[in-house]
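Note that chain A is present in both complexes that follow, paired respectively with chain B and with chain C.
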Partner chain A sequence: MANIVVRSLSRRSFLASTAALIVAGSTPGFARTIVGRMPWEPGSATPPVQVRPGPWMFFTADEAALVEAAVDRLIPPDDRGPGGKDAGCAVYIDRQLAGPYGGAAGLYMRPPFMPGAATQGYQLPGSPAARYRAGLLALADHVRTAFAGKTFRELAPADQDKVLGGLETGAIVLKDVNGAEFFALLLQNTQEGFFADPVYGGNRDMAGWKLVGFPGSRYDYRDWVDQHDKAYPLPPVSIMGRSDWTVRE
Partner chain B sequence: MKPVMRSALAIAAVLAAVSGDAVAQDGQSFDRIERGRTLAVLGDCGACHTAPGGKPFAGGLALETPFGKIVAPNITPDRQTGIGNFTNAEFLSALREGRSRGGKLLYPAMPYPAYTKMSDDDVLAIRAYLATLTPVSNAVVSNQLPFPFNIRMAMLGWNWLNFTPGRYQPNSQKSAEWNRGAYIVQGPAHCGTCHTPKTVLGGDKAETPLAGGMLQGWYAPNITNDSRTGIGTWSKDEVVQYLKTGTNSWTLASGPMADAISHSTSQMVDADIAAIATYLKDSGLGGATAAAVAIAASDNAMRAGAAIFKDSCAACHKDSGLGEAHLFPRLAGSALVQADDPTTLARVVLHGTRAVATSAMPTAPAMPAFDWRLSDAQIAAVLTFVRNSWGNAAAPVAAGAVTKQRQSLAAAP
Partner chain C sequence: MARKLPRKDVVIVGLGWTGSILAYELAKAGLDVVAIERGPWRDTATDFPPAYAQDELRYAIRLDLFLRPEQETLTFRNNASQSALPIRSFAGFLPGNGVGGAGVHWNGQTWRFLPTDFRLRSHLEERYGKNALPGDMTIQDWPVSYDELEPYYDRFEKLCGTSGKAGNLKGTVQPGGNPFEGWRSSDYPNPPLKQGLGAALFAEAAHKTGHTPFPQPASNMSEAYVNPLGLKLGQCTYCGFCERFGCGNYAKSSPQTCVLPALLRFPNFSAQTESEVTKINLDSTGKRATGVTYVDTSGEEWEQPADIVLVCAFSLFNVRLMLLSGIGQPYDGATGQGVVGRNYAYQTTSGVSLILKDKILNPFIATGAHGMMIDDYNGDNFDHSGLGFVGGGYMGAGQTGARPIQTRPVPAGTPKWGAQWKKATAETYQRAFSLSTHGSSYSYKDCYLDLDPTYKDRLGRPLMRMTFDFHDNELKMSAYLTARLAEIGRAMDPAEMTASPRKGPYNVNIYQTTHNTGGTVMGADPANSVVNRYCQSWDVHNVFVPGGASVFPQNHGYNPTDTVGALAYWTADAIKDRYLKNPGPLV
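And now, the complex of A and B:
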């Protein structure tokens, strides 16, 4: 009996897989065959688009004021360089939210949405843009209620730190928004803005790179490979260059 | 066996009697057809007479001249649309005098001013080879020039001003190899069509042959033996290597020369390549152009150029400007880098370029485009820097020249 079952199953699966093969074989292929040499077209670079200064593209004026104040507490200015605001972190976040990242263009965004492990990546229903909109609104409401009608920007730095700390630990509960998750998103994007290439709007004058000694978009270090215990002498360079590239009049 | 041969001979004899043309009979021999094929390679006939993706020699490639568009005709033996009906005399006249059937004047996009140097025997060997091709029916409208250039009779005047008919005259002071090289360079290979500077009418400047010309938005470099602006620094072997493989320790071919190498020079027989190199190294053309004075490193453009070179170029072309043989062209001491005309330089920095792939050197490395990363002033600065570093010396490049090149590339990439 068991033998018969196994045989009939394998016969069925054999037929099914044969059918699948026939279907696959008769479907036109989308692969391209490249023979002889790799394809190349003149002028075919696909460069990143340089972020230009200008009006906010995603944030409202109130949202921008809140974000600028928050990123300046996450990375405060000190004698070693600018803080998050002057480094352009809010500009970076604004341009990202206005673009494909904000719309979750690269993510699978269909239900079911279930809590996943940290290793499973983004599992939330809202796009980053929607989460910022809701999170900033809820945060502004919370601050207005807790601090007698004041905005986040008007708070003393110590109070701002308290609010941000409360979000991070979950001590502050926002209406309809998970405060800890929103804080994690804001912190991550602020760090990105501080260290991403200046072409994306943050890391102004490569301040983040100068702070940690990162040389930027250079790609050949052969001359320094065996020079141990020596400081790397070259200044950082952005995808779009550095100030020394400008021809002085 | 013997009866077969005898009847073949009989047929040949009959054919010869009918046509009364001894050359046509000779045209059936393998040696002659093969020699014709070799000559068609030397002349690179297929480069123009084959459309991209089209049947070989069936015509259709549009040549963009400064005066407008000329489309190369069908030269397969098709009787209606090709040259099947041409007599040998008509073929000779078209190739060497620029007069096609019925006295129709050809435009000098057909390099008859060079082919005029060729012997009867060589031209008719090409004819014999073309006659063995499969006839392809492909009607081509050659003359797509705007008024007034579309008036073929105007070429009478052009010929009178610019065309000197006449066969190649051997130089008895030189070796047979040198004479073979001179014949190939001036005749079938028509090197001067691109490499000789042109007058406003598009004729060769007779006083400066092979001293470098402009075509299709590229500068065809000086190939005289001038030690600074020509190929004077290349050894004969390096010239041979370049023509055979598309690269030598100095540079890699790209642009229109990449086509010339892949269709023509890399397919030439070794003795012909050696002959070309012997002639070019001893052509007596070009002396030693007085060196320009290098621009000081403290110049503003030089300083900006140095920073750009360090960050964008040095990884491949090296801080020393020596590049890497067969991969990244050497800039230090390069004649092309120091050429008066920076058109090619600006073009490769703006749009990038790709080296030719040959069977000997199949890698075909590419230079990326920098038009998105560098402004016109920055490209001018970095070119000024490479033209005036490591012993190089040449005039600075103006930002306006790069702007013009950027615009013309955008209009017709």
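And now, the complex of A and C:
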């Protein structure tokens, strides 16, 4: 403990030597040593990458047809605005599954995988992408068998609702897939897509935000916080701007 | 084989609130300080600038600023008869990651504990008798008093620029503030934030029903502020992206806005990021730490020798580091012997959701911590005789922003999808808001942390195992508080109201709060505590756990951060004024 030396710092002397020192460290990788000032470099921010229209990146054509039909029943089009399909929910899910989320990036995926109590959280090894692949296959098989060779997209809306409702309640049992868990995942992702910033491919033209009256990434409500019981007048805005500022591709 | 680095006076494990406060105080005193942080450097311009900070999917759903379970997680079970399983994705609580820690993503609720909270067991036994407490309840008095901590609470609130209204200035009750709070030496550094309609309606109903509503103390700036370190914070814009987000506007107190720019001016301070401390090293006697070992992103091991080791990680990970380093006797849940991992506690929250008849609430206009609260049912502010429980919490109308992936209330019985769901969602959003209770979580013999026998982290070290469930005392408390809150809710004449008191079992899938406390608790007796009243290890005198919530002997009916910050300053003074002059046990 005799090693501790309490020095009185000369502010002048260290200001004089403020060659701001950011050493990449003698270590490879990202570990770094930061001394002397707040580290900042231009261009080092990581804004989201905008989802562009284009071919499916995860779904096969058959899978995409099923998902587009399903999201349009989960969020049906009506006089309040577009449904899940036109709002881009299937595109959103496709791009999410093709990215880190689909691959379960960052999650704890070490064995052993053992069944547990419901309070202990999801315990199966499948990534979201793997769960979709298996769930969509099992669902397509079920529909083909139950509806004389038809696909989900070819069913009448009332029958589509029956299938989705049967999955939700567990009344429909899929082969090798927990139908209720798969339905819950599909519903969660569909609603995420409908209400997430449009930069991720869903909520096209801010349909989800317009439905409820959420102004999006507005920055400053100081003039509005205590204007009680008055409708906020401005239309929603996204991280990437507003739909009427943007050419639709 | 670890490569040995040059010796430092002080090594700090984790650069969040406590780490940055201790680093500043000790660097200012002239010590050579290095902080080792396992997550990345984070700052406003790079990680959450206003251009894209308001991204619910990225930050609130995909949890961009939080710890990745693949780096470290815990295993969990409700009781010792179950096999603990790993938390594969965080949901029930969300540990932070990176420089700033939980101080980046918190809401800013800045509450002091009650004076009686600090002598909880003595107070309750004096008022209700020795037999009033359940036999397996292991609550204990803090080894510091409210009066001792008051100047340090004041210091932390001034560092933060907290917005609020004093309810008790030097013993004199102030109109408009919280009449139940402990005495304050000065008012909050900033006036209260403005309130939305939901909070205003709650305050009116609370007043009408005989309660005393007041603005929640918030480390969101009601006005631009310059803190005592000379750092400038901007006025909060009520953007509604606080909880789980970094603030793009320099308007929420955090290590980034309140400490780091000043800290980095000291040439005798350095931060080593993306480097995970794996162990506190001890000398051959086991009574003195020689420094720490850490591993960098390439997997290479480094030894950082130091004369003082400060354990400043998130509370749960402080406990694990002490267990992995063999400092203090691990707690054994079967026998009740041992101390490290003992008295893990949480928070007992509940809600009352309301749909009003015909109002425009604009629920998206919000800060993390504005809102109107009452404290009539916290701690021992009310007579518990005949109620069958002890403890309590604050309650009221907080509004952290109705971001629509997570906040889309619908009337009870509405389908979860389809045409009816869509209609109900559209018609309810503007009229709905929720009231909540923030209740205490007292400690018990069978709620604890230890090392898991099965699951390992990426470095092959055992994960920590959490054994926790709610006890009858807490569930009765939640039922009582939620019923009181529903009475106030009813006075708001809602079209519809649903009261949801907390029910067991504790479910690690459902977000409740990230107020995980205990495990390295502070106390007056080494038999029931890991650190003494100066947050110093009883066993290894040059190891301190300076104020993380892991030192709380139990958790009270408030958010922990104000007490965490106060204890950080308290410990810094003890090290500067006493330990450096005469290194050794301070008690």
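In the analysis below, the second predicted complex is superposed on the first by the 196 of 249 C-alpha atoms of A that agree within 3 Å, B and C clash if a C-alpha of one lies under 4 Å from a C-alpha of the other, contacts with A are read in each partner's own complex, and residues count from 1 in each chain.
Note that in this section contacts are C-beta pairs under 8 Å (C-beta built on N, C-alpha and C of every residue); 3 or more make two chains touch, one makes a residue touch a chain.
Computed from a prediction, not measured in an experiment: that's the story for all the values here.
Asks: Should A:225 be classified as contacting the first partner (chain B), the second (chain C), both, or neither?
Replies: second
Asks: In the overlaid three-chain picture, which partner chain does A:60 touch, first (chain B) or second (chain C), both, or neither?
Replies: Touch status of A:60: no partner.
Asks: Just checking: does A:47 make contact with chain B only, chain C only, both, or neither of them? Give me first, second, both or neither.
Replies: Both chain B and chain C are touched by A:47.
Asks: Which of the two, chain B or chain C, is in touch with more residues of chain A?
Replies: C
Asks: Considering only touches as defined above, state whether A:74 meets chain B (first), chain C (second), both or neither.
Replies: Second partner only.
Asks: Quick one: is A:234 in contact with chain B, with chain C, with both, or with neither? Answer first, second, both or neither.
Replies: In the superposition, A:234 touches chain B alone.
Asks: In the overlaid three-chain picture, which partner chain does A:244 touch, first (chain B) or second (chain C), both, or neither?
Replies: The first partner, chain B, only.
Asks: Of the two partner chains, chain B (first) and chain C (second), which one does A:110 touch, if any: first, second, both, or neither?
Replies: second
Asks: Could you pull out which residues of chain A sit against chain B in one structure and against chain C in the other?
Replies: 36-38, 40, 44-45, 47, 218-220, 239
Asks: Which residues of chain B touch chain A once you look at their complex with the stated criterion?
Replies: Touching chain A: residues 300-301, 303-304, 307-308, 310-312, 314-316, 319, 350-354, 357, 362, 364, 366, 368-374, 377-378, 380-381, 409, 413 of chain B.
Asks: Quick one: in the complex, what on chain A touches chain C?
Replies: Against chain C, the touching part of chain A is residues 1, 3-9, 14, 17-18, 25, 27-40, 44-48, 73-76, 78, 80, 101, 106-110, 112, 114, 116-123, 161, 164, 168, 187, 190-192, 195-197, 199-200, 208-209, 211-222, 224-226, 228-232, 239.
Asks: Can you list the residues on chain C that touch chain A in the complex?
Replies: Touch residues, chain C against chain A: 7, 9, 29-31, 40-41, 43, 45-47, 49-52, 54-58, 61-62, 68-70, 73, 76-78, 82-89, 91, 194-197, 200, 235, 237-241, 248-249, 260-261, 264-275, 296-298, 300, 302, 307-308, 359-360, 362, 364-365, 402-405, 408, 416-419, 422-423, 425-426, 429-430, 454-456, 505-509, 542, 580, 583.
Asks: Could you pull out which chain A residues touch chain B in their complex?
Replies: 36-38, 40, 42-45, 47, 218-220, 223, 234, 237, 239-242, 244-249
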